[in-house]
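Lettered A, B and C in written order, each chain numbered from 1.
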Amino acid sequence: MTPIIEIQNLTHVYSPQTPFEHTALSDVSLTIDRGEFVGLIGHTGSGKSTLIQHMNGLLRPTSGHILFDGRDIWEDAAFTRQIRFRVGLVFQYPEAQLFEETVFRDIAFGPRNMGLSEDEIRTRVLRAAGFTGLDEAVLEKSPFELSGGQKRRAAIAGVIAMEPDVLILDEPTAGLDPSGRASILENIRSYQAAQHAAVIMVSHSMEEIATLADRLVVMNHGSVAMSGTPHAVFSRAQELAEMGLEVPCMTQVLLELRHLGVRVDPSAYTIEQAAERLLPLLKGGAAHA
Amino acid sequence: MNMASAIEVKDLQFSYEEQEQGQHIVFDGLSVRIGQGEFVAVLGHNGCGKSTLAKQFNAILLPGGGSVTVYGMDTQDESLLLKIRQHVGMVFQNPDNQIVSNIVEEDVAFAPENLGVESAEIRERVDRALRTVGMYDYRTHAPQLLSGGQKQRIAIAGVIAMRPKCIVLDEPTAMLDPQGRREVLDTVEKLNREEHITVILITHHMDEAARAGRVIAMSEGKIIADGTPKEVFRQAELLRRVGLAVPQTEELMLLLRANGIDVPADTLTVQECAQALRDAMRRLDPNDPEEKTIDAHHRDPESDACLQPADAV
Amino acid sequence: MLKDVTLGQFFPGNTPIHRLDPRTKLLFVVAYITALFLAKWFVSYGVVLAFLLTVIALSRISPKVIARSVKPLLFIILLTAFLNLFYTPGEPILQVWIFRVSKEGIVSAVLMMLRITMLVVGTFMLTYTTSPIALTDGLESLLSPLKRLHFPVHELSMMMCIALRFIPTLIEETDKIMAAQKARGADFESGNLIRRAKALIPILVPLFITAFRRADELATAMEARCYHGGDGRTKMNVLRFHRCDGAAAVVGMALLTAVIVLRRFGL
């Protein structure tokens, strides 16, 4: 796999040399590969938001480097500006950014800032609307007439329309109901598959992130505490608990079963995986061998 | 159940006027009764009418037909307005948009001040409310420097300073992180258990609803299921059809049952679920040599109580 | 970042100045400003300055903080001094090109600088030592006689209180929206004035919309907490005058009297 983003010894200090000085990230090194789905977890204040805002150049490192495709994103101003488009960042509650008269124009804001032709803008808006499941009829409405779930999709479409190589989303499903959550996650996955884009998703829901991510990065106190497959990360339940994080519900059930004296591998994290582990034990035969 | 009524909704009709589509009917003949001291979770997808219903409980919205009676008071009687709102307090979703003052204790004092309570008593109520939600040490802080969970607890303190009999919480955890959600849920449970306040929790988090004594599931302005969490979550198909989910432990059990395994279909907590699985394994092998490990491990009686094999259909 | 801007700054403390009733402090500031404007010559200024320094010392506010608060106004202070220096007619002592400096000019420039600086520092002392809430309460209480004339005193103080509460929230909101639009390639820093003004639309529209939504939700939340205007409302912290407020009143009167008397003698 080839890396698309390389973070080297990144440190970020807010309000330096004031009484409010605060080190949000210290010496973080991390590589994101092309086409990879990374789940970023950590409790509030662990440095996740600061980290993702470095990846598209919204924040400038106090020290350290961010490389995109092997090039320092702060090398020259034109490149830094390009990075905004190639690394798309969807903030928490992104519907707060909607401002245009129609959904179409709002989604077109990013592509227009890229300086694309009208035809290309149109193509991209329609494609982004397709990825996020917005009907063409919705595109001519005012964004403020939409339902909560639709607003969220329109806002995500506004970033997807820039067709970034890396799509970063900060809790894209916050505040949505179960069906709304499921469909947004499906949209993100379809974009990733179609564009072979890398996705970095911040989430507080371990169940959600466990089913989606190829790799989990755990942040704690401004550093990367763990990085590995969900399988590897969730098998360190004790350490996660010490960081104030939970393991997915299924892992909890299996861990509890171990407490009850059942020898079962607790690293399953989806319902299907858990059932797979449990079925042999529940069908008799070699259950307690 | 033989308790006094807190809230009685009878044949409620309600619709919003919309400029383009005309009327949007939210409720067409909804009836429900909530008893004093209950902890009820109201579940439903976005836009199913659960928030509109919540606003009917303290006369922020009034019925278009039928009636809502709160502790014997008809919400349409304007002369009772303040009394109704004092009896039924309300906490909203966005913690930032319900805090009035930039000093925590001044904010908690807001409602008693509105009610014309005497100064010395306000002080007493504010201190007590802040202690109840565990925020007394923050009484002189500025709310904008607190975490979401802390702000929401301040909002709860601001409501209990009115000495209400019932609190309605409209998706109080939707904007919080897991830590904040735990804080708020623990506080709400405590109010119900220790202060005997009726709690109506509007949510779309299944695990929160599972902590209530009663769950009412709503869809399109109608109640589609009403009962204990177990009774409601057993109807997984129905819930999924209306865009809701069931707790994951429940999903696991349903999947195992679909594979012909005899496990109960209504385990809500991790402990219950694990114990039920353990029991099912033990049934396969009555001379389970590992049984001792179960006794060695402490189990609280509450989760044990839910493990009657009879529950398994 | 906008967050670094400190508005309505208040430094909590427990000094005699902090403990004074906000009404006393408000009246005191009025007396102080009057004294400052009545002061005619260096002697009077000296008296007022001595008084100001005593208040600063008592309040334990660091001189650094005070210096920082005057800094943004330095330009205005210097400009006023400059104008006074050259445009006061009188006995010329120096002439450079068309600029003529008179003895009276120097005096009036110095006095003007003193007056503005002392005015600014004096009023800042009020906000430094009084919480915004106490200030609002004090103002409401002082203005309450106007209620008889149907002046909306309670509403006004409620509005001030809510504004104070929401300023930090809205600043944070602005930061967030700016970051979100920058992430979509918005450019706020380049181009001519018109382009820059246009670039503000993607910030202002969402900001107004969220502000209105907040206002709406806040109004509902306030109603749910039994808010129904100022009638029959009580207060948790009732303002009460203490002995030190009496002492402060005597000092304030003395200051004003001293300046009036000195003025008679042209000092």
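Here is the rule we use: contacts are C-beta pairs under 8 Å (C-beta built on N, C-alpha and C of every residue); 3 or more make two chains touch, one makes a residue touch a chain.
From a predicted model like this one, the values you see are computed outputs, not experimental measurements.
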item	value
Subunit C and subunit B - chains in contact with each	A
Pair joined by the larger number of C-beta contacts - A-B, A-C	A-B
Rounded Å distance, subunit A centre to subunit C centre (Cα mean)	45
Distance from the mean Cα position of subunit B to that of subunit A, given in whole angstrom	30
For subunit C, residues that touch 2 or more chains besides their own	none
In the complex with subunit C, residue positions of subunit B that touch it	55, 58, 60, 82, 85-86, 89-90, 92, 94, 96-103, 105-106, 109-119, 122-123, 126, 140, 142-144, 158-159, 162
In the complex with subunit B, residue positions of subunit A that touch it	43-44, 147-149, 174-180, 204, 207, 244, 246, 248-250, 252-254, 256-257, 259-262, 271-272, 274-275, 278-279, 281-284, 287-288
Subunit C to subunit B touching residues, read off their complex	12, 131-133, 161-162, 164-165, 168-169, 172, 213-214, 217-218, 220-228, 232-238
Of all residues in subunit C, those that touch subunit A in their complex	4, 173, 176-177, 179-187, 201-202, 205-206, 209-210
Of subunit A, residues touching subunit C in the complex	15, 18, 53, 56, 58, 81, 84-85, 88-91, 94, 96-99, 109-110, 113-114, 144, 158-159, 162
